[in-house]
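Look at the two complexes coming up: chain A is in both, with chain B in one and chain C in the other.
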Partner chain A sequence: MAQIEFRNVSKYFGSNKVIENLNLTIEDGKFTVLVGSSGCGKTTLLRMIAGIGPATSGQVLMNGKDISEVAPGKRDIAMVFQNYAIYPTMTVRENIEFGLKNRKVPKEERNRLIDEYSRIVDMYNLLSRKPSQLSGGQRQRIALARAMVKKPAVFLMDEPLSNLDAKLRASMRIELKELHQKLKTTFVYVTHDQVEAMSMADIIVLMEKGEIQQVGTPEEIYHEPANVFAAQFIGTPPMNIIDMPNGYKMGYRPESVVFTAEKPAGDGYRKKGRIVTREMLGAETQYKVELSSGQAVMVKIADSRFREKQDVWITVEPEHLHYFDLSGVHYSHGGAPELLAEVVGGMNDV
Partner chain B sequence: MQKINLTVTDRKKELVGTVISDILKIAVMLAFVFPFYWMLITAFKTYSESVAVPPTLLPSQWSLEGYVSTFNSGLNILGYMRNTVVVTVSVIALQLIVMVPAAYAFAKRTFPLRGLAFSLVLVAFMIPQQLTYISVYIMVSGWGMINSLWPQILPLGCDAFGIFMLRQSFKQIPDEIVESARLDSASEVQIMVQIMLPMCKSAMVTIAMFSFIGVWNAYFWPLVMTRKEEFRPLTLAIERLRDAEVGIRWNTLMAGNSLLVVPILVVFIFASKKIIEGFTYRGVK
Partner chain C sequence: MSKDKTPSYVHQNKGSLGKRVTNAVTSWLMVLPAVAFLIAFVVYPAVNMAIMSLFYSNATKPYKKFIGLDNYNTLFFVKKDFYNALGNTAYYTAGALVSIIVFSVLLAQWMFRSRKLNNVAQTVFFTPHLVAGVSAGFIWSWLLSSQSYGLFNTVLTSLGLPAVRWLDDSSTAMISIIMMNTWKNIGYYALIILSSMKSIPTEIYEAARLDNASSFKIFFRITLPMISPQLFLLLITITTGSFKVFDSVRIMTNGGPGDSTRVLSMYIYDYAFQRNNTLGYACSAGMIMMIIMIVLTVFDFAFVEKKVHYQ
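Take a look at the complex of A and B:
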């Protein structure tokens, strides 16, 4: 169990600034996901916690104690790498045992732990195999067992699922989630995949260009994005962002659009458009619609009856509309604020 | 129909190509193997047969005369052999002790002036050994080591080529494996010996093999670095087998040569697979 705190940390690679003056607290026992596009600094933060890529300046605290000078092996953490980083010349057993041996765990205890954890990851029958004889998923499990067997206070995972195929990835997501519920330790998980972040996280830390854009639960980030970046990063497809004549931006999720063939009654944001493409995904259908204003928006609804090149009306209820100010920061949500009401009204098609 | 005919001609062409390339391979192989074969059968011929014209491809009478006269030549062949073995084993051991940490540091650690230090290694790699004879001789004789095996061991204790090659091999190991070992509380020595070395076994074997051949066959270096027979290696003894007054006794000379060469062949046969692997990295994907 451990809480982790970054205090004014900066990281430079030569003269290249990756992170500057970042502050963040990772809560004890939570599954925290650092998510962002590649190069945003999320792995850099993870490596700071591990001690294998120390901060250029600032402090990293674990349970209130500065661990900046503590060697990686003494930090009570375990890490799972994207390429698994298992030792190819050792058997599965030796891979799991290596860390325990170095920590001078007695032989009997070691055997008991290897037995227990190899069963948890379902690798008990393969203990004498070499990694080269195993599949990607199995290697991933060794990496997990090797991390778990140390009973660390913090689990660090750097895109652990990105080398697996889609099906295995989905099942490992659930397994990791279950593992977290069972162990109740702090998990810090790095990914560039917003679906992974949304599906696994208790807390999402959304990063871009070395800066934190938003910290919140998946619900918060989805329903109340802090800025245009957050609105467009989370969600598949991302939120539609429409430029308003006064420089503000309006946004709505593809899922909150209502589609009609005829002009809808009532108020709310409504536009005429024509369907450009249609993707039937099973339970939902995704349409790309070109609006009368020339801008294309995405729409995702259950109704699959609409066809390409069909003229349609889209309506978005006021409570689903988001507004962003000139600098892209979330301004208001729901009915248009006084300042914008007239502008929004003028954008509707009649 | 036409399509099938085409395939048959293609196959014929392919077959002819294979046959020609196989013949060439065999020819090249014979060119390399024949001198060794000639050395070995000459060693087992009698003196008169070894100088007979036309020469025989197999001894008409197998004889140990060559070996007997090698050991009866008045030279302490076993003493020379002992020197060769001691020098070779010591050089390889010393080289590994020096090279592994150096290569590890160059490949996986950052420290001030690393680039400069590594370029010095490369410079050492490029300087011909012949240029260093005199200065090394003066240095070791200053240390009072000329009457010992040390001048044949110490100056060769660090091999720039070995450091270079091992570094390349270490560099191919993903950093995450080293970091993972650090998180597993492994010391730097453990990382080197238990993680990196087993992954670079082939490169190690290759480097050791090159050193082995170089030192085992060394002629000029020990000739310059020794003054007394008792510290000289087998290569110098073989040279002295030619000093017979009655002209060169080919069977004796070849018997001596075979004593020199056979150990290398044996080592190579055992290590050849690793040596070939040494040039291709096989990691876990």
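Take a look at the complex of A and C:
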């Protein structure tokens, strides 16, 4: 059981300020996913928790206690490294066994654990191989087994599935979720794949340039993005963002658009446009529509009858409209009659 | 698209006869300089030595009288001093090998740890490697001298310890020579070890720390196996190099006291150039020395190399 807290944590590499005054609490027993673009500081945060890349200033606490003085091996933490970091000179078995031996786990227990976890990651037949004789995905699976077998209080996973094929990745995701449900320990999982983040997380921590943009459940982040960045990071395709005459921004999800061939009745957000591209995805179809203002927006709906170069009308009901203020922070969702009036008055096509 | 899925390079050797001949000629031309040197300076002298070892001879008349294997008979069954030289050489080689490897690895590990000292230490320890062997031998003869100016003994006596007769005592003479050669070589070998230590990814060490491994265990389970290719290189070069040791022994003890530091190369030198009509005999000793070195190297490659971890 472990709750982790960052208090005013900063990390500098020389003069390069990677993280400044970050505050974050990672809840005990939750599957927390750190998501953000490349270089935003995800690995840096994990390394602070593990104790192998200490913060320049600030505190990292585990269950309320400062752990800066605790050696990495005594923290009850296991980490899957982004580049696996498996021991090249040891066989698969020795790799998995190394941490157990150092913790003085008895021999029969070790063998039983190695057996169990090498089967979970489907590496049982390759236990006597050396890492140089394995593929990237197989190495990644050893790294996973090596971490899981230790049954730590905190799992740190740095993009642990990035090198697996789609099928194996899907099954490992389920495996990890089940493991989490079984162990009920704290998982901190790094990815830059937002689909993975949405599907696996209890809590998503969205980061950009060393700053936390939003912390919330997948539903919260999807429905109530805290700012333009969050709105555009989550969702495929991301939220459409449109500049308003007063400098505010308006946004709506491609999924909340209603498409018609004729001009729809009523008021609200109504725009005329022309379909530029059309992608049939199966249950849904994705269209790129160029509005009369010249801006392109994405639309994702079940209806696949529309064709390229066709003129269409876009309708978005007020409850699906988001507004962001001058600094990009979420201002209102659905409400804001004064802004809606501006949309209707100043922005609609006729 | 062609049905043939085999990549085109597989067919390279099936080209026309002319092309194949051109290929062969080019390859041979490229290795020719190296082969020429090898023949002129290694193969030819070795063959010559083998032939001369069958003769009773001196430097002016290298083929004075053919005596078959008589020289070898004398070497193995008549004289006893060859075994003494061989034993001394083995002692020196084993001592130098262990001492140089252990101290180079320790030095490298130390320089690897403390980055600031690293540059200074590298220079300090590397400098002896640049000193000519003869000069280094002289310097150490003075340092180890039993006379009043010998630094080692001055330090020992000032600490209240008994003086040691380093080079003048048959039990410490060889050890002194090993010390000198360790001092002279560790800077160079530590550099090789250090660069291979630096190529080990740091994440592996971090993973080991998370796996609760002690520094001791990290060194023996991770560092050592990771630098084993370089250790193997050291094993080969130090073994063959030490087996041929000559200049430092010649300067520091000249084989003495008694014959306690007379190594093989000095033995051969003595019989070849210091005595009358024993050039052929020296050649037979040279042959044996060459064969032992070949056997040692083959042994290293056949058995020790299996333990080496290659990426």
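Convention: the second predicted complex is superposed on the first by the 329 of 350 C-alpha atoms of A that agree within 3 Å, B and C clash if a C-alpha of one lies under 4 Å from a C-alpha of the other, contacts with A are read in each partner's own complex, and residues count from 1 in each chain.
The working rule: a contact is a pair of C-beta atoms (placed from the backbone, for glycine too) under 8 Å apart; a residue touches a chain by one contact, two chains touch by 3 or more.
None of these values were measured; they are calculated from a predicted model.
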Inset, instruction - Kindly say whether there is room for both chain B and chain C on chain A in the superposition, answering fit or clash. - result: clash
Inset, instruction - Scan A:R139 for contacts with chain B and chain C and give back first, second, both or neither. - result: first
Inset, instruction - Would you sort A:P54 into first (chain B), second (chain C), both or neither based on which partner it touches? - result: neither
Inset, instruction - Using the touch definition from the top, say if A:P318 reaches chain B (first), chain C (second), both or neither. - result: neither
Inset, instruction - Could you say whether A:G328 touches chain B, chain C, both of them, or neither, answering first, second, both or neither? - result: neither
Inset, instruction - May I ask you to decide whether A:G29 touches chain B, chain C, both, or neither, giving the answer as first, second, both or neither? - result: neither
Inset, instruction - Identify the partner contact of A:P237: answer first if only chain B is touched, second if only chain C is, both if each is, neither if none is. - result: neither
Legend entry - Doubly contacted chain A residues - partners chain C and chain B: 50-52, 71-74, 77-79, 81, 83, 85-89, 98-99, 102-103, 132, 146
Legend entry - Residues of chain A that touch chain C when the two form their complex: 47, 50-52, 71-75, 77-79, 81, 83, 85-90, 98-99, 102-103, 132, 146, 150
Inset, instruction - Would you mind writing out the residues of chain B in touch with chain A in their complex? - result: 174, 176-177, 179-187, 190, 194-195, 198-199, 283-284
Inset, instruction - Would you tell me which residues of chain C are touching chain A in their complex? - result: 201, 203-204, 206-214, 217, 221-222, 225-226, 228, 309, 311
Inset, instruction - Enumerate the contact residues on chain A facing chain B in the complex. - result: 50-52, 71-74, 77-79, 81-83, 85-89, 98-99, 102-103, 131-132, 139, 146
